[in-house]
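Which chain is which? They are A, B, C, D, E and F, in the order written, and residues in each are numbered from 1.
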Amino acid sequence: MSGNRGLYVGRFQPFHKGHLYAVRIVLEEVDEVIVVIGSSQFSHEVDNPFTCGERIVMVRGALEEASVALSKYFLVPVPDVDNHSVWVAHVKAHTPPFKKVFSNEALTSRLFVEAGYEVNPIPFYERETYSATNVRKRMLSGGDWKTLVPASVAQFIEQIDGVERVVQLYKNDRVN
Amino acid sequence: MSGNRGLYVGRFQPFHKGHLYAVRIVLEEVDEVIVVIGSSQFSHEVDNPFTCGERIVMVRGALEEASVALSKYFLVPVPDVDNHSVWVAHVKAHTPPFKKVFSNEALTSRLFVEAGYEVNPIPFYERETYSATNVRKRMLSGGDWKTLVPASVAQFIEQIDGVERVVQLYKNDRVN
Amino acid sequence: MSGNRGLYVGRFQPFHKGHLYAVRIVLEEVDEVIVVIGSSQFSHEVDNPFTCGERIVMVRGALEEASVALSKYFLVPVPDVDNHSVWVAHVKAHTPPFKKVFSNEALTSRLFVEAGYEVNPIPFYERETYSATNVRKRMLSGGDWKTLVPASVAQFIEQIDGVERVVQLYKNDRVN
Amino acid sequence: MSGNRGLYVGRFQPFHKGHLYAVRIVLEEVDEVIVVIGSSQFSHEVDNPFTCGERIVMVRGALEEASVALSKYFLVPVPDVDNHSVWVAHVKAHTPPFKKVFSNEALTSRLFVEAGYEVNPIPFYERETYSATNVRKRMLSGGDWKTLVPASVAQFIEQIDGVERVVQLYKNDRVN
Amino acid sequence: MSGNRGLYVGRFQPFHKGHLYAVRIVLEEVDEVIVVIGSSQFSHEVDNPFTCGERIVMVRGALEEASVALSKYFLVPVPDVDNHSVWVAHVKAHTPPFKKVFSNEALTSRLFVEAGYEVNPIPFYERETYSATNVRKRMLSGGDWKTLVPASVAQFIEQIDGVERVVQLYKNDRVN
Amino acid sequence: MSGNRGLYVGRFQPFHKGHLYAVRIVLEEVDEVIVVIGSSQFSHEVDNPFTCGERIVMVRGALEEASVALSKYFLVPVPDVDNHSVWVAHVKAHTPPFKKVFSNEALTSRLFVEAGYEVNPIPFYERETYSATNVRKRMLSGGDWKTLVPASVAQFIEQIDGVERVVQLYKNDRVN
C-alpha cells in the first residue's frame, strides 16, 4: 500500500531552489513523494516568517513551474509536537503510507532510524548559497534573494509583501 | 490572489458520496476548491476512527475516481483549536487565500459570517443516507456501508482493516 | 496585603440577576471583590456562547447599572487548566491577593478547602429561575429571557445578535 | 534489554482487587511488570477523583500488602496525549523497554496491535463486582466499597477523606 | 459599539513610568483604553518575573496614583498563543470592541496591520532609561530602579520581596 | 501521612555521581526520598537527550548498584508546566505527600519557599566536574565521561548507543 513512496520534510521558510533540487532527486528514487511542511503552525517569527497556507502556495507554484506533476507528490502540513520521541508516529498519522525517508537533518534522520526506517541522505545543492537562512539574510540586507528561489516563489513573496514582513519581524526580535 | 477559490470543510470520517457531491457542487461555483480535513489531529476515536493520513488517501482516491483534476483542488489538514473564536484565523493561516465559504454546518457558517465572509449553503444529497455517522453505524451493524462511499474508499478501508477498527473502538467506548 | 478581599468565580454565560445578587452579598462581607470570569478561553459553544470580551462588557455594564463602584471590584478572566489539582494555584497567579472565597459550586469549594481556604456559601436567589442555563433555554424557546438579566446585559446581547448565535450553536450541536 | 518485561496499563481510580489480580496474572507470565498509571494528569473529576500521587501511594501500598516485591515492578505515571495515534510511542518514551503488553481494553489492544506488539488478554476477576466504576458507585450510595479494594487502599482513602471528595465531585457534576 | 476605544498591549514586567506615559498619550486620542497584560500566563522567569495578579495590582495602583479614573480603562490579561497568525483574533476574543491600536512593537503592529487595523505609534519616553529591561537590570546590579517606576509600584514590589525574586531567577538562569 | 519524606528534583540527563551523592545526603535526613524526574516529556534534544523511560532505567540501576533499597525511594516522572506559578501544586499532585524539599536550584527553591515549604540545600559534590552538562560535553569531545556516572549508567548508555545520539543532536543544533 505504501508502494514506492518517499517522505521529504522541510520547513520551507521560504521554498528555495535547493528544496526543488531535493524533490527532483527524491523523485528519481521513488514514484511518489510526500512533501511535509514541518512546523506548520508557526508564522510571523524571525525564522518562520510564512504561514502554512503561504508555504502551500509556494511549494505548489514552484513544482508546477518545474513541471513536476501533481500526481507525483502529496503536500502535507504537519505541526510540531512537544516531544521528539513521538514525532515519527505523529508524522505517520498525518501522511499516506511511505517506505523511504529522505533527509539530511541529523535529528530527523536519528528519529526515523530509531523507529526502524531506512533514511537516505540527499546531496546538497550548493548548501552555503541555497538555504532558507541565506534567503532571509539577503532579504534583510537588501541583497539578491530572488535568484535563490523559483520565479513563482519570488513573485508570490512580493505579492504578499513578504520582504517587509521579514524585516519587521527582525526589528522586533532585536528590540525585545 | 484568492482568485475564484472556495473553501469546503469536513472531517471525512470517512469520505462518502455526499462529500463527493458537495465537492462537485462547489466546483460549479468556483475555479478551485480548498478541501479542509478538519479535526486532523484525531483518530482511533468512535467518531473519528481514521487518521489524517488515511483520510488524505481516501479523499485523493475518491476525487481521482470521480475524475476531479488535481489542479482543481487543494487538500489541507487543519487541526482543531481550543477556542472557536480564533478558528477562522487559524483556518486562514493554514490555507491558500480564498473568497467564498461553502458549508451547511451552523457553527462553521456562524464563525465565517462573524468574520465577514460570504457563506454559501450546499444542497444536501440524501442526508439521512449519506452521512459519515450512517456509514459508521452500518459498519457496526454489519450493514451495507460500501454503497455509501466511492469504490476506492471502500477498497482502502478494507485494506487497512478499517471496519474492525471501528468495531473495536465502539466496544471500548461502551465499556469505559 | 490581601486586606479584606474576596473571590467570586463564575462563567457568566451570560451574566444574570442571580450573579448580580451574589456580588452584592459578597460586598456585604468584604471590602473588595475579585470577580473571576472562568473558562475565559471558550466561546461559540452551546454552554459557552459568549467571548471573554463580551462577558467583560456585560459584567462591567451590569455593575455600573447597579451602582457598584469600579473601585469595589476587580474583573479578571482566568482560562481553564487541564488539571483540577493546580487550579487554585492558577487562580492565585492570575489575581490580586485575597482572603475569602465565596462559592456554591461543589468543585470550586472542594478545591479551595483542600488548599486551606475558608469558603463561604452564597444564598441562592431563586436558583431555578435565575441561572444561565435557564436564560439560554428561554433564548432557544423564544421565551422571556430579558427579565432574567440586567437591562444593560439584555441590550448588549441584542447589539451583538447574541440570541441568534445561541440558536445557531444549539442547531449545530443537534446535528453533529 | 527489554528482557522478559510486560506492560500493564490502568487508571486505578481507585486501585481495586481486580487490578491486583491482574498484576499477579501478568507476573506469572513475565519477570517484571511495568504498571502504567494512565491519565496521570487528571484528578478531582467524577471519573478520575484521585491524583497521580494518591494513586502511586495506593498501588505501592496494595502491592506491598500483597507481598509483591518492589523489584518485580516499575510504577510509571503517563499523561494522556490528544492523539491516540501517537499514544504507543508516547508510552514507550515514558517506560523501560518491554516486550509484551497485557490488556483487556479494546482501544489499548488495538493501538498496540497496530504498532506490531503482541497483546495478551487478562482473564477478568468478577468484572461486574471488581471495577473502579463499581467502587465509586458504592461510595456514592453509601454501599460497601471497602471489600472491593485492598485493605491498605481503603485505609488510605479514608485518611485523605476520599469518599467525601467523590460525593462532592458527583454533586458538582449534577448541577453544572 | 467599539466607540472611541483604543488598545494598548504590554507585558509590564514591571509597569514603569514609560508605560504610564503611554497610557496618558493614548487617552489623549481615545475616550477609553484597553490595557492588555500580555503573556499573562508567565511568571517566575528572568524576563517575566511577576505573576498576572501582581501586574494587575501594579497597573491599577499606578493608574490610581496618577489619577487616571477607573472608568477610563479596562485592564485585561491575555495569555500568549502558539501561533502568531491567530493572535489578533485571540486578543479580540478577550477584549471589549476597539477601533484603534497603539503600539511601538514591530510584531504587534505588523499583525494588527495585516488584520486591517489602524495602528498608531506612541512617542517613547526616554526609552533607554524607562524600559522594563532596564528596571530589572538595575534590580540585579543594586542600582536605583525605584525612580523608574511609580511610587506605588515600587512599594508593592518591596512588599512581595520582588527584587530578591528577580535576583534568584537570574542566578538560576546562569546556572542551568 | 507525609511522614518523614523528602523531595529531590532533577532532570538526570544523564544521572551522574553528583546525583547519587545527593540522594545519599537526603536519605541521611529523611526516611524516604521522592526522586522526581523533571521535564519528563522531553528527549532527543541537545540538553535533554534521554527519554523518561531511559532515565528511569538509569536511576533505578544506579541506586541498585549503590545498594539504596527500593523501599527507601519513589521514582516519579513529572512533566513541565508552562507556568512556573503552578509548578509546586503540579508536583504535589504527582507525588506522595512530603514534608521537606532538598534543592540547590534557585528557581526550585524560590517556588517551594513561596509555597511555604522548608527547602534544604544539598552540599555539591565537586560541581564543576560532576554535572550533566559536563558529562554531555565530554561525550561530544570524546573525553572520559564514564567515570562521572555510575557503572550501570555507563553500561546502559552504551547499550542504547547514547553517545552517538548526543553527538547527532549536537550536530543538528549547530546546523539549524
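Please note the rule applied: a contact is a pair of C-beta atoms (placed from the backbone, for glycine too) under 8 Å apart; a residue touches a chain by one contact, two chains touch by 3 or more.
Here the structure is a predicted model, which is why all the values come from computation and not from measurement.
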Could you check which of C-F, A-F or A-D has the same interface as A-E, with more than half of the contact pairs identical by residue number? A-F
When centres are defined as mean Cα positions, the distance from chain B to chain C in whole Å is 37
How many angstrom lie between the CA centroids of chain D and chain F, rounded to a whole number? 26
Compute the distance, rounded to whole Å, between the mean C-alpha positions of chain B and chain E. 43
Where chain A touches two or more other chains at once, the residues are 43, 51, 83, 85, 92-93
Give the pairs of chains that touch; include all such pairs. A-B, A-D, A-E, A-F, B-C, B-D, B-E, C-D, C-E, C-F, D-F, E-F
Interface residues, chain F side, partner chain E - complex: 82-85, 105-107, 109-111
Which residues of chain C touch chain E in the complex? 1, 40, 43, 51-53, 56-57, 60, 70-71, 74, 76-77, 79, 92-97, 159-160
Residue ranges of chain C touching chain F (in the complex, touch as defined): 81, 83, 85-86, 88-90, 92-93
As the complex stands, chain E meets chain F at residues 41-45, 51, 165, 168-169, 171-172, 175-176
